[in-house]
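Okay, so chain A shows up in both of these, paired with chain B first and chain C after.
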Partner chain A sequence: MPKVTIDHQVYEFEGRPKALQFCLDHGIELPHFCYHPAMSIPANCRECLIEVGMPAIDRETRQPKLDKDGNPVIRFMPKLMTSCSQDLADGMVIRTHRTSEKVARAQQDTLEFLLINHPLDCPICDQAGHCPLQIQAYKYGPEGSRFEFRKVRKPKHIKLGPRVMLDGERCINCTRCVRFTDEISKSRQLTIIERGVRNYPITPPGVTFDDPYSMNVIDICPVGALTSIDFRFKARIWEMSSAPSITTTNAKGSNCHYWVKDNLVLRITARPNAAVNDYWLPDEDRLDYHRFNENRPDGPRIDGRPATWDEAYARAAEVLRSVPGEGILFLGSAHATVEDNYLLTKLAKALGADVPRYIPHVEPGHGDGWLRTDDRTPNAEGCRRLGIEPVDEAMIRAKMEAGEIKAVYALEDDPVAAGLFSAEALANVPVILHPYHTTNETLPVTDVALPAAMVVETVGTYVNCDGHAQRVRPAKAIRDVNRTLVLEMDKGRPDKHGTPFDRWHHEDHQVNCRPSWVSLPAVAQKAGHPMPYKGPKYIMAELARTDPAFSGATYEAMGLSGVRLESVGEAV
Partner chain B sequence: MADFIKHPEVPLPDLDPAPSFSEEELVFTEEERAQIAEYVRRYPTADGAVMRALWLAQEKFGFLPPEVIRLVAETLGIPYAQAYGVATFYTQYYKQKKGRYVLDVCTSFSCQLCGGYDMLHYLEEQLGIQKGETTEDGLFTLQEVECLGACGSAPMLQVTNGPYVFNLTPEKLDALLEDLRAGKMPAFTSVTLPQDEDEMGGNRRSDAPQSAVYETPPVARTLE
Partner chain C sequence: MEATNGAPQTKAGDWRSYERVLLPPVRDLHKIDVYEQHGGYEALREALTSDRWDPKSVTDEVKASGLRGRGGAGFPTGLKWSFMPPVDPDVPRFLCCNGDESEPGTFKDRQLMEYNPHLVFEGMLLACYAISAKAGYLYVRGEYADWISHMERELENAYAKGYVGENIMGSGFSCELIIHKGAGAYICGEESSLMESLEGKRAYPRIKPPFPAQRGIWGYPTTINNVETLACVPLILRRGGAWYAKIGAQRHPGPVLYGISGHVNRPGVYEYPTGMLISDLIYEVAGGMRGGKKLKAVVPGGSSTPILRADMIDGVTMDAETLRDAGSMMGTGGMLVMDEDTDIVSWLRRVTHFYHHESCGQCTPCREGAGWLENIVTRIDEGEGRLRDLDLLIDLCSQMEGRTVCALADAAAWPVRYTVTRFRDEFEARCRPSLVAAG
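Coming up: the complex of A and B.
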């Protein structure tokens, strides 16, 4: 296998990797700005410089020349090379800034040039704290500045489109954003204009940067030149904690981080996962966080009046016991996790009811064949794998009119708003509902409301439209501190040190709700059908063991990037 | 450029300008389209022809407002943003309406030493405008530019991205303005290359047969 020597250490490589990517893959950090693994390599930031040498070959013998100690003579290229664009070759010798004073000096000088016209905006810049330019200036840059002249002033806070704000001065012209619109999203709405010190990226006149994936340029911008109009000045990065999870706006289940401050989700950023969304996230997924913070319930209700959880569970069990099992309509939910839906099917089976159905939320034409799908729910495939089919609306309505439905048990959905039943039709039937919001239109006719934790507050599994099973983790705390949730919650640096901004500080923003995998067994217990599960992890372990449609989907296996399930039957 | 050093501010381009040309005006004729297609054929991809196509458009429309750049991009089948980036990169593409004759006076190093600023200020006086402005009759635009690569004949100016006028003197400028007002462009004058000097009798410039013979500096040995 061909070998390359990096900082006196020999590595083997396959194929034709680029030096920078190879170093990053092997834990050798090299500073860089313009390079992005998903896009073309322009090598224009000049920050990833390295020294590159090859063994000298004797022209006559075609053998490597050896010095008097028997080591091959290495001829270094006269100029430093950009590692991002440098192909590795057998026998190549690379010196990074760790072993070469020349490289360290060049990287420092490049940073000095990049910083010449960079404004001192860090104290008010949204990118501060996770800014590659800031971090690398600290690590590799010069101390102070020798530039004592006026900095070039460029347009600031320009709205490129409805979601992205430009600050021209901060830009270092790495062209990542331009390449993103050219190569990834293909909207081709951005370009670098002007030349020399005057250039910066912008849309041409008359064009709005309304790409449905426009906010990805905020993620990939290595400085604070492109910031989110929505998130601008809302919070500092170091005051927030983030949790790796997935978005639930559509059936793709793109991987994301939920960023939380004071128990409010304030922004959603992309999390790389080559099997699902690569590095990207559609704008609709990023802006879909208000529903986690607004109109959340404040505990269970019986007939619209506040109640304790125990009272509500007892009342729900009473309703279930009071009607014959086959008269109960169980509605699963494509918004809920696999675990919750599985528990519902178990409860329905124990009571002798039909297999639950779910209400589909399909919006034809919404999908784009990439990260947006027609299906606006995250778990239709998970429901299908559990044997939960979409409702046959006509049949269900006919049954309701015929009086065959004696009670409705609906998981994490809104049958009235979805148009399945009218409020009048449900008025005479006892309804048990696990709602997310106080705006749920079924609530006025609900007898027992057991508020459910949303994706940012629970632990569970979602299966995306391609059959990729992925775990979600709690990003914010709920009122009822549950040991499983606490243990699953990733502790950010602020949490560990107990700053005033941690997730536990403000009770105001802790929603009084419970995950359905807590509420459902509690109701089942009181109805006389105990479900002794210690937590969602064990529910999923049982499913992975017993149901071929979920084979292998244990929490350990899913980890952070999920598990691709065997395909079962027809896709949804 | 001196102003930029004192006040280094980059203005935001007008992102929603009123169009300068109507829909009817914004078309290429059949011949122009054929010419652009011919340009495209010379390159592996259509975006190679963007500079020639922009040039053609500038000659047709006089300058390149956004709608003309968009027309060029659509004709070539390349992204509008890309064509706009190219057009803003080169100062020779005029993004604003200019006078009929654009006088680019070089004030870079060699020309500056030989009186480039004097020539610029003389023109400012003669035309009654400041650099960067256009005369009221729309005939002349005066610009200060960076080196145009004719240091051997400094000071010099360029007329509307075209012919150079070398070895400027106030008299020469008076004659030039008179000619231009009469609609007479200065003739193209070539600069003889050192290897052709023998044929030219030692003259480096074809326009100055009577001038003193140029002494070519000794050629470095490495070039022989």
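Coming up: the complex of A and C.
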């Protein structure tokens, strides 16, 4: 296998990797700005410079020249090379800033140049704290500045489109945003205008940057030149906690970070996962956080009146016991996790009811073949794998009219708003509901409301449209104290939540709800069908062991990037 | 290089009796009839129809002539042509003729385009034949609007006579020539950004490798040559590579258009062999210094080439090797001459302004550094400079040189580096006296 020597250490490589990516893959940090692994390589920031040498070849023998110790003589190229564009070759010798003064000086020089016309308004910049320029300037940059002139003035706070704001002066012209719209989203809505030091990216005349993926440029901008109009000035990065999770606006399950302060979700950013969404996230996923913060319930209700959780569980159990099992309609939910739906099927089975059905939420034409799907729910595939099929609306309505349905138990959905039943039709049937919001249109006819934790508050598994099973983790605290949730939040939290800025322990924005994997066993227990699970992890472990459709999908295996499940049967 | 008639001993030999070939003294030579009467398109006819020539032998003849690029870098032309990959009928190939002449002090290609356009066309067609390209682009800087319409008119005439287009002169060889008007930026003269510009994109230079011969215009194999370079090709074929190789300096042979500007009595474009003594060019060819003043400095090949003090030009001739040894470069042969009254700081200020204005802004060191250099030189010129600024200038040059995609950063840094080091006393005299003792 070909070998390359980087800072005196020999590495083997396959194919034709570029030096920068190879170094990053092997834990060698090289400063860089313009390079992005998913896009073309312009080598314009000139920050990732390295020294590159090749063994000198004797012209007559065509063999490598050896020095008197028998080591090959290395001939270094006279100029420093950009590691991002440098192909590795067998026998190549590379010196990075760790062993070469020349490289370290060059990196420092480039940073000095980058900073002379950069505003240095970090104290008021949204990017501060996670800014590649800021971080790398501290690590590799010069101390102070030798620049004693007026900085270049460029347009500031320009709305490129409905979601992205430009500050031209902060831009370092890495062209990542332009390349993103050229090569990834293909909207070609951005271009560089002006020349030389007055360069900045903007939309061509008459064009609005309304690309449905426009906000990705905010993530990839290595400075604060492109910021989110939605998130601008809402919070500093060090005041927030973030949790790795997935978005739930559609069936793709794109990986994301939920950024939370005081138990309010303020921002959603992309999290790389090559198996699902690469580095990207649609704008609609990023802006879909208000529903986690607004119109949330304040605890369980019985017939619309506040109640304690125990009272509500008892009442629900009473309802279930009062009607024959086959008369109960169990509605699973493509919004709920695999674990919650699984518990529901177990409860239905224990009571002798039919297998639950779920209400599909499909919006034809919404999908784009990339990260948006027609299906607006995150877990239809998970339901299908559990044997939960979409409801047959005509049959269900006929049954309702015939009086065969004596009670409805609906998980995390809204049957009335979905048009499955009218409110009148449900008025005379006891309804048990796990709602997310107080605006749930089924609530007025609900007998027992057991508010459910949303994706940002729970632990669980979702299966995306491609059969990729992924875990979610709690990003914010609920009112209830739950050991599993605390443990899951715990990872990496003490330091983050130790910040005095994030009052996650305050009750102000803690929602009084419970994960369905807490409520369902409680109801089942009181109904006489105990489900002795210690938590969702154990539920999933059981599924992974017993159900081939979930084979291998344990929490340990899913980790942060999920597990691709074996395909079973036809897709829905 | 034998001297005759008491002519000075230069590599150019007996330059006084030199007969012009690129710009011969023929009235109305730009007209196709006149051009034909003086042997025009004969080399093309010969190359296309005679058994003596095939693409390889044309390339070999150019190699044998020792022709080196006239665009500034002086790369051997025949060698460049031989970098083109083997012909693949499915892969188009292109020739590009670089007429984006925009370096301050350089104005020779314009002269060729005005007075001998068909020589350029013939050279392009021969080059297309040699590299088996079916299309050649002539990229002319946008500011040369009059010359573009002039060239287009003459190209129409060449098409009408069947020298360009389908089945040229019944030889079976077809070639289109397209004149492309540049959009006005110095950077477009850089070969890879010229190709980007030609493709309708923003003229950002490309990373090399791949070189144009591997991936040029629209990603296809391309050869790019300067206007004057290609104009030499018909002459080489007409009179032989050996004839050409004997003209001027042995390792950098041929006729060259010297564009002499500045404080001389007769500025202009002069055709002479390479290897002319700089002093001959100034005092004999260009009629000596204006007003009989003393020479102060010479920039031999366009504003980016290192400046030479008057005391550095003794015996220095205009060819790549000699100029390199003297501490400068041949560049484009656009010679700037400055007399003793020249304010060298002001001159440098103007030059740095040019490179600041023309840096394309792709690479950090050039984008930021070119402006910074101008800032500092301006401050010195206005009497507000500090002595430490001089060292900072040299430092910034080191931070720019060789660290960018194309050579514009070098072009911006060299004038500063060499002007400051070679005229340091003048810069120091301009700086504000230091309050803190040096050391």
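Everything that follows uses one rule, which is that the second predicted complex is superposed on the first by the 561 of 572 C-alpha atoms of A that agree within 3 Å, B and C clash if a C-alpha of one lies under 4 Å from a C-alpha of the other, contacts with A are read in each partner's own complex, and residues count from 1 in each chain.
The rule we apply is simple: a residue touches a chain if its C-beta (ideal position, glycine included) is under 8 Å from a C-beta of that chain, and two chains touch if they have at least 3 such contacts.
If you're wondering where the values come from, they're calculated on a predicted model, not measured in any experiment.
S.K.: Superposed on chain A, are chain B and chain C clashing or fitting side by side?
M.R.: clash
S.K.: Would you check which partner chain A:114 touches, where first means chain B only, second means chain C only, and both and neither mean what they say?
M.R.: second
S.K.: In the overlay, answer first, second, both or neither for which of chain B and chain C A:207 touches.
M.R.: first
S.K.: Per the contact definition in the header, classify A:182: touching chain B only (first), chain C only (second), both, or neither.
M.R.: First partner only.
S.K.: Report the partner of chain A that touches more of its residues: chain B or chain C.
M.R.: Residues of chain A touched, chain B against chain C: more for C.
S.K.: State whether A:168 touches chain B only (first), chain C only (second), both chains, or neither.
M.R.: It touches chain B, and chain C stays clear.
S.K.: Taking the superposition on A as described, I'd like to know which of chain B and chain C A:155 touches: first, second, both or neither.
M.R.: first
S.K.: Thinking of the overlay built on chain A, is A:191 touched by chain B (first), by chain C (second), by both, or by neither?
M.R.: After superposition on chain A, A:191 lies in contact with both partners, chain B and chain C.
S.K.: Could you tell me if A:387 is touching chain B, chain C, both of them or neither one (first, second, both, neither)?
M.R.: neither
S.K.: Which holds for A:43: it touches chain B only (first), chain C only (second), both, or neither?
M.R.: It touches chain C, and chain B stays clear.
S.K.: Please write out, lowest number first, the residues of chain A touched by both chain B and chain C across the two complexes.
M.R.: On chain A, the residues that contact chain B in one structure and chain C in the other are 152, 191-192, 194-195, 197-198.
S.K.: What part of chain A is in contact with chain C in the complex they form?
M.R.: Interface residues on the chain A side: 41-47, 49, 78-80, 82, 85, 106, 109-110, 112-114, 116-117, 146-147, 149, 152, 172-173, 191-192, 194-199.
S.K.: Please output the residues of chain C touching chain A within their complex, sorted ascending.
M.R.: Touching chain A from chain C are residues 185, 202, 204, 207, 356-365, 367-372, 375, 379, 392, 399, 402-405.
S.K.: Within their complex, state which residues of chain B touch chain A.
M.R.: Against chain A, chain B makes touches at 7-17, 66-67, 69-70, 79-82, 84-85, 88-90.
S.K.: Given the complex with chain B, which residues does chain A contribute to the contact?
M.R.: For this pair, the touching residues of chain A are 150-155, 158, 168, 178, 181-182, 188-195, 197-198, 200, 202-207.
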